Amino acid sequence: MKLKQGQKLLFIGDSITDCDRAKPEGEGLFGALGNGYVSLVSAFLTSTYPELGIRVVNKGISGNTVRNLKERWQADVEDQKPDWLSIMIGINDVWRQYDTPFIKEKHVYIDEYMETLSNLVKETKPNVEGLVLMTPYYIEPNPADWMRKSMDQYGAVVRQVAEENNCYFIDTQAVFNHVLENLYPASLAWDRVHPNESGHLLLARAFLNEIGFSWDKGIGEQ
Amino acid sequence: MKLKQGQKLLFIGDSITDCDRAKPEGEGLFGALGNGYVSLVSAFLTSTYPELGIRVVNKGISGNTVRNLKERWQADVEDQKPDWLSIMIGINDVWRQYDTPFIKEKHVYIDEYMETLSNLVKETKPNVEGLVLMTPYYIEPNPADWMRKSMDQYGAVVRQVAEENNCYFIDTQAVFNHVLENLYPASLAWDRVHPNESGHLLLARAFLNEIGFSWDKGIGEQ
Amino acid sequence: MKLKQGQKLLFIGDSITDCDRAKPEGEGLFGALGNGYVSLVSAFLTSTYPELGIRVVNKGISGNTVRNLKERWQADVEDQKPDWLSIMIGINDVWRQYDTPFIKEKHVYIDEYMETLSNLVKETKPNVEGLVLMTPYYIEPNPADWMRKSMDQYGAVVRQVAEENNCYFIDTQAVFNHVLENLYPASLAWDRVHPNESGHLLLARAFLNEIGFSWDKGIGEQ
Amino acid sequence: MKLKQGQKLLFIGDSITDCDRAKPEGEGLFGALGNGYVSLVSAFLTSTYPELGIRVVNKGISGNTVRNLKERWQADVEDQKPDWLSIMIGINDVWRQYDTPFIKEKHVYIDEYMETLSNLVKETKPNVEGLVLMTPYYIEPNPADWMRKSMDQYGAVVRQVAEENNCYFIDTQAVFNHVLENLYPASLAWDRVHPNESGHLLLARAFLNEIGFSWDKGIGEQ
Amino acid sequence: MKLKQGQKLLFIGDSITDCDRAKPEGEGLFGALGNGYVSLVSAFLTSTYPELGIRVVNKGISGNTVRNLKERWQADVEDQKPDWLSIMIGINDVWRQYDTPFIKEKHVYIDEYMETLSNLVKETKPNVEGLVLMTPYYIEPNPADWMRKSMDQYGAVVRQVAEENNCYFIDTQAVFNHVLENLYPASLAWDRVHPNESGHLLLARAFLNEIGFSWDKGIGEQ
Amino acid sequence: MKLKQGQKLLFIGDSITDCDRAKPEGEGLFGALGNGYVSLVSAFLTSTYPELGIRVVNKGISGNTVRNLKERWQADVEDQKPDWLSIMIGINDVWRQYDTPFIKEKHVYIDEYMETLSNLVKETKPNVEGLVLMTPYYIEPNPADWMRKSMDQYGAVVRQVAEENNCYFIDTQAVFNHVLENLYPASLAWDRVHPNESGHLLLARAFLNEIGFSWDKGIGEQ
Amino acid sequence: MKLKQGQKLLFIGDSITDCDRAKPEGEGLFGALGNGYVSLVSAFLTSTYPELGIRVVNKGISGNTVRNLKERWQADVEDQKPDWLSIMIGINDVWRQYDTPFIKEKHVYIDEYMETLSNLVKETKPNVEGLVLMTPYYIEPNPADWMRKSMDQYGAVVRQVAEENNCYFIDTQAVFNHVLENLYPASLAWDRVHPNESGHLLLARAFLNEIGFSWDKGIGEQ
Amino acid sequence: MKLKQGQKLLFIGDSITDCDRAKPEGEGLFGALGNGYVSLVSAFLTSTYPELGIRVVNKGISGNTVRNLKERWQADVEDQKPDWLSIMIGINDVWRQYDTPFIKEKHVYIDEYMETLSNLVKETKPNVEGLVLMTPYYIEPNPADWMRKSMDQYGAVVRQVAEENNCYFIDTQAVFNHVLENLYPASLAWDRVHPNESGHLLLARAFLNEIGFSWDKGIGEQ
C-alpha cells in the first residue's frame, strides 16, 4: 500500500469524477464524495485500512475539459495541498467534437490537450508524493468508431505525459475493453460515457490496484 | 466461485437490503437494485464475472421484521424461483424494543424470531442451490450496550439456524466489530444501523467471500 | 396524396412514437400528440393540406414491444377504427437483449416478433385503407455492432411482413444511415435510440414521402 | 441553397423565436434552440444538409420589442459574428397597445419601430452575408380587426426596410392568411399569437424557402 | 330583490363558472366558490344583503358542454334542491368545432344543444323558485367571425328556451359587446373566452341586475 | 366621476392593498394588481368606464407600517407621478403592539404614526389631483376590545390628517361595522384583518363611492 | 400520579388534538403525535416518569365535530382498548355556526351535541380506568362575544356530562381566560382557536394537573 | 423567578438551540423560535408569567462550534444587548472528531474550546444581568464510550468556566443520564445528539429550574 497514515488523496476530473459530489468542499459525510468511483475508492480505503485514516477529496466538475482544470488548478489542486493527486480528464475534450460538431470553440483539440495537461502535471508533480494519471475512455468496443478512435489518441497522450513525468498510469480504456468482450455497452452506460455502478467499480478497482491496495487484507481476520 | 452461469441470486431483508430499490421488481437498470450492499454485490459480479451472467434481484423492504418476511415469502421468494437466496433480517425485530419500547405489539421477541426464521429456511432450502444467512448487526462497539446485547442474541439464533440447515453463514457483527477497533460508529452510520458506503462495502465483501468470489480474477489481464 | 378528406391516421409504437403524448386519448391541442415524428407529421398535414382535415391519433407507449401491442391491439387500434394505420415496433424487443441481458423473460426474440407482428397486420389490414410498416432502427453506423446487427434482422422481418401483406414500407434504418455518413450518432441521439428533433424530422419526412405528400404544395401561393 | 459550409445563422426576436431556448447561449443539444420555428429550421438543415454543418443560434427573448433588441444588439448580434442573421420583431410593439392600452410607455409606436429597426439593419447589414427580415403577424383572418390592421402596418414597415436595405424578406402574415382560409385561428394559436407546431412549421418552411432550401434533396437517395 | 331570506342559489356551467372552485362541494370559505363571477355574486350578496343569508353554491366544471350537464344533472342540480338556479353553458359546445375541427364526436351541434338544454330546463323549472339562463358568449367584436357567428346562434337558442319556459334571461354577449366598443378583446381575455376580473365583474353585474339587486342599498348608511 | 380620461390612480398600503400583486411593477395583466380591493376597483373602472382609460397601479407591500411607507415614498409614490393617490396604512402599526407585545421596536405608536402620515400627505398633496385617505380597520364588533380601541384611535388620526389637508376620506371601520351587525367576524376574515372577497368588495365600493363612481352607468344600455 | 405502569392513554378530538399527527396510527417516533398538547403531554410523561412507560396515542382529526367522533368511535376508541381516554370536542360544532352561517347542515347544535357526547361517554366509561373531558374553548376575552357565549354554553354541557358520568373534567376556557388578563388573543392564536406553543402548553399543564402529575418529581435528583 | 419585567433573554448555540428558528431575527410568531428547548422555555414563560413580558431571542445556528460563536459574537450577542444570556456549545466541537476523524481542521480541541469560551464569557458577563452556561451532552449511557468521554471533558470545562466567572450552570449530561436509567438512547434521539420533544423538554425544565421558575405558579388559580 503506497499511501501512508493521514495522507490526503485528491481526485480531479469531469462528470465521471464529480458524480453529484458536495460543492464546493467535496468531502465529508452524507454522500459528499458523490456516487462514483471516488466514493468507492474512499469506501475501500476506509473499510479496509481504517487505521491509516486516508482523507479523500473529490474536486470533479461535470462537463469539464482540461481547459477548465487549468482555470481552477490553483484553487482546487494547489491550495488543497494533497499528498496524492489523481487526474482523469479528456472525455469532454473529445465528446464535444462529436455531439456538437459545429460549435468549434468548445472543442479542445489534441495539441491544446497535451500541452495543458503536461504543464499542469509538471507544475504539481514536485509538490505531491504520488500523482496518478487515468486515461479518458469510451465504452465502445469498435476501435474504428470515430469517437473511440479519437479517445484512444487522447489516451495515448496521457500515457506519454505519465511516462515523461514518472507518474502512476491507468489505462481505463483497457479496463472497459476487457468487460466489453462479454457485455454490450448498453448494459454499462446509457451514453457509452457515464457508467453505472459496475463501471465505476471497474475504475475504482483499477485505481486501487495501481496504488498497491491489498485485496486480501482483513479477509479472514473478521 | 460457487454461483454458476445464468443463475438468479435473490436478496431479501429490511432497509439495509432495500436501499431505495425499484419496486415491485427489484432488478434492472438505473439503480433498480438500490444503493446498498446488494447493488455492490451485483456490480462486483457483473464487472468481474461478466461471462457468468449472474442475475441479481433485490426484495428488501424497509422496516421489515421476520414477521413481514413470512407474510410475503410466497410472492417475493418462492414465486421468484431463485437459484441462490440470501436473507438478512432481525434488526427491526430488536430495534423496536428499544426505540418505541411501549408499543409492544411491534416487537418481535426472540422465540417468534427463531421459529419464523427457521420455518422459512426449512421450507425453502430444498428449492435453492445455495442459501446464505446473514446475521443482523448493530454498529456499536460496547457489547454491554442493551441493544447490542440483544442483537448478539438474535445473531446467535441465525448462526444456529444456519448450522441446523446447512446454510452459508455470515457474521456481519464481526465484520463491523473489526473496523470499530479503529473508527467510531458515527463515521459509519448516523444511527448505528444504516451504514454509509464504507459499511455497505464491508457487507458486500463479506458476502462475496462467502460465495467464493476471487479478488484476483481479471486483475492483471487488463 | 394518398390520404383523403376527413380520414383518421393512427400511429402505434414505442417511446419513439409516444414522445410524451397525452394519455389515454392521444389527440387534441396542447401537445397531445407528443413531441416526436407523429406530431411533426400532423403539423405537416395540417399546415399544408388544411382543407383535407386529416385527424391524427398517437397511441405509442414507451417501452412497448410487439408483445405489448398485441395485448392492447383491440382497444388501441381496432376500437379506434382508423382509416390509416402506421406501426413502428421492435426497438425494445431487441434492446432488452443487450441492456439487461440476464433478464431473459423481457426479451422478445425474432420468431415471436415475426409471428406476432404478422398476425396483427393480417388481422387489421382488411379493415384499413392504408397500413404503413416502419422498421425499428439503431442510430449506429457500424453494421457489425451486435445490437445494430440484430436490429437489421428485425427490420428485415418488417420488410417481409410488409411485402406479404401488401403494406406501405419504410426502412428507417436507411434514413438514418444516410445522415450518419456525415454526423456522429451522439449529435442525433444520446443513447442511439431516442432521436432529437433532427432525427424525428427524418422519420416524419420518410413517412410523408411514403404517403405521397407534396413538398411543393402551397409554396409560392402564399 | 444560399448558406455555405460552416456558416453561423443567428435568429433574434421575441417569444415566437425564444420558445424556451437555453439562456444565455441559445445553442447546443437537449432543446437549447427552444421548441419553435428556429429549432425546426435547424433540424431541417441538419437532417437534410448534414455535410454543410450549419450552426444555428437562437437569441430570441420573450416579450421583446424592437426597443429591447436595440439594447442588446451589441452583445446578442454583433459580438456573435453571425454569417446570416434573421430578425422577426414587432408583435409585442403592437400587442401592448391593445392588451394594456393604458400603460403607454410600454407601447412602441410605428415611427420608433421603423427608425429603430432601420438603424439596426443598416448597422449590421454590411457585416453579414445574408440578412432575413420576417414580418410580425397576427393569426386573425379579419383585416379590419384593430390589432390585425396595426400589425399589417408594421409588416409594411418591415417590407420597406427590407427593400431599402436589400434584405431577404418573408411576409409571415401572408403565410398564415393562406391557412386561415380553411382553419379557424383557435386551431393554430390559443391567443392568435403563439402558434402550435403547425404554425411554427409554416414559419420554418417560409424561412427555408427564402434561403433556397431544396425539399427534394436526399429524398429517394435513402 | 327577488331572492328571499335563507334561499340557496346554485350556478352550473363550464370553466367560466368553475374558476377553480372547491370540488366536489363548491361552497364554503377560502375560495371555495372559485375566483370568477359566481364568487363575485356571492360577495355582493353577502356584503350588501347580509341579513338575507343567501347561500351560493358553484357547480361549474371546466370543459363542460350541455351534454356533460345532462349526465350530472341529478347529482349536481336536482339533489342539491336549490331555490334558484342559474345556467350558463354552450361555449365549449361551439369552441370544439373551431379549435379541434377534426374531432367531430366532441362537437355538440345546435340541435342537440337546443333539445338537451330545453329538456333540462323543463325538468327543473317546476322545482325552483327562479331559473336564470345566461347565454354563452365570445369576446370578439366582429359579428362575421366564424365562431362569434355560431355563438350568436347558440345564444339565440338560449333566448328561445328562456322565453318558452318563462325563465330569467341574460344576454352576456350584449354585455361584452358594449365594452368592446372601447376596449380590444386582448385586454379582457387572453383567448377571447376566459375573462379577467373586469370581464367577470361584467357577468356578475348583469346577473345581479336581473335578480333585482339594489346598487344603492347600504350606501350612505355606513 | 372625479377621475378624468387617462389618469393614473396609485394605491399604497400594507397586505390589504398588496394581496399578492406583481412586484415590483404592480400593474398589467394576469393578476398584476393582486386579488383584493385594488383589483376590484380597477375592474369596476375598466368595465364601467372603459372610455376613460383609468390606469391603476398597486404599490402595497405586506407587513408595512407607515414607517415603511416613508422609506419607499420617493420610489413608490413620487417617482410614479400619479394623478390620484390612495393611502391605507396603520393596521400593522397597531397589530404588532398586540400580537408581539414584547418586541417594542416594531411597534409604531400613535405619535410617530400621526407625524409620519401627516408629513407624507403634506409633501405629496400638491403634486396630485386627488388624494384619498382610508382608515385602518379591525373586523371586531366590540368597541371595548383592546386592539379595536387602538385602531379607532389611529383611524381618528387619519380623519384629522384628511381634514387638515383637504383630502378625500373613507372610514373603513364604519363600512365593516355595518355588516358586523348581521355577520360574525369569522365569516369575513380568519384573523379579523385579512378579509375574504366580501370584505374586499366592501372596501372597493366605499372607495368608488368616494370618487363619484356611478352605479347606474351602463346598466340598461346593454 | 393516577396513571399506572404500562397503561395506554388515548386522546381524541379535532384539529387542536390532531396537530398534524401521523395517520392512521397516531403514535411512534418522528412527530407521530403531532405538535400540540398531546405531544407535550407525552413528552412530560416520558421525561418525568420514564419508568412508567405510559403509551400515548393521538386520534384527533382536524375539522371534526362530535358527529364525526360518533362515526369513528368504534374504530378509533373502542378497538384501541385504551386504559385512559381524553376527549376534547365541540369547537367546530360551534365555529361552523359563525364562519359559514348559511350552511346549516354543517352546524351541530347544542341538543345534538349533548346527546351524542353523553352517549359516547356512557358507552365507554365502563371500559376505561380513567376518562377525561376537556371543554371546547375560544381564545376571546369578551364573554359577550357571540361565539364565545356559545362556546361557554357547550363548555357547560361538557361539565354536566362529566359530573353525570363521574369523569375527570378540565375547563380549558378558564385556563385561557387567566392568561388573557395579560395578553391579547392575537399573541396566542391567529384565529382565536389554534394556539401557538404557549397555548398548547397551557392545555398540557391543565391535563397533567388533572391526572396528578408531580411537577417536582425528578427535579433536584439530576 | 430571577428574570424581571420586560427583560430580554437570548440563547446562542448550535443545532440543539437552532431547531429551524427564523433567520436572521430569531424571534416573533409562527415558529420563529424554532421547535426545541428555546421555544419551550419561551412558551413556559409566556404562559406562566404573562405579566412579566419576557422577550426570548434564539440565535442558535446548526453545526456551530465555539469557533463560530466567536466569529458572530459581536453581531449576534453584543449588538442584541440581552439582559440574560444562555450559551450551550461544544457538541460539534467534539462530534467532528468522531464522525469525520480525518478532516482535522474542523475539529475544535479542548484547549481552543476552553480559551474561546472563557474569553467570550469574560467579555460579556459584565454587560448582562444573568449568564447561563449549559454543558454539551451526548445521549449515551456508557461513560467509557469514546465520544461520551470526550463530551464529559468538555462539560467539565464549562463547569470550570462557570465557576470562575460566577455564572449559572446546567449540567445537561446529568439531566439525560437520569432518564437513560430507564430508556434506551434510541427512544430519545436518532443520533444520540438531536433529541425529540421529550429530550428538549428535559433541557427546558433544567433551564427553568436554574432561573427560579415556579412550577406551582398559576396552578389552581384557573
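Assorted remarks:
Going by the order they are written in, the chains are A, B, C, D, E, F, G and H; count residues from 1 in each one.
FYI, contacts are C-beta pairs under 8 Å (C-beta built on N, C-alpha and C of every residue); 3 or more make two chains touch, one makes a residue touch a chain.
Predicted model only: the values in this text are computed from it and were never measured.
The minimum number of touch steps linking subunit C to subunit G comes to 2. Both subunit D and subunit G are touched by E, F.
At the subunit B-subunit C interface, residue numbers used by both copies make up under half of all numbers present, so the two copies contact each other through mostly different positions. In this entry, A-C is the pair from A-C, B-C or A-H that repeats the interface of D-E, since more than half of their contact pairs coincide by residue number. Each chain gets one centre point, the mean of its Cα atoms, and the points for subunit E and subunit H are 62 Å apart. Chain centres here are Cα means. That of subunit C falls 45 Å from that of subunit E.
Centroid to centroid, with C-alpha atoms defining each point, subunit B and subunit F lie 67 Å apart. Residue positions 29, 99-101, 183, 187, 190 of subunit A are each in touch with at least two other chains.
The full set of touching chain pairs reads A-B, A-C, A-D, A-H, B-C, B-G, B-H, C-D, C-E, D-E, D-F, E-F, E-G, F-G, F-H, G-H. On the subunit B side of its complex with subunit H, the touching residues are 95, 98-101, 142, 144-147, 183-184, 186-187, 190-191.
Looking at the complex, you find that subunit C touches subunit E at residues 6, 27-29, 53-55. Contact residues on subunit G toward subunit H in their complex (touch as defined above): 29-30, 35, 39-40, 42-44, 46-47, 50-51, 171, 174-175, 177-179, 181-183, 187, 190, 196-202, 205-206, 209, 215-216, 218-219, 221-222. Of all residues in subunit D, those touching subunit F in their complex are 99-103.
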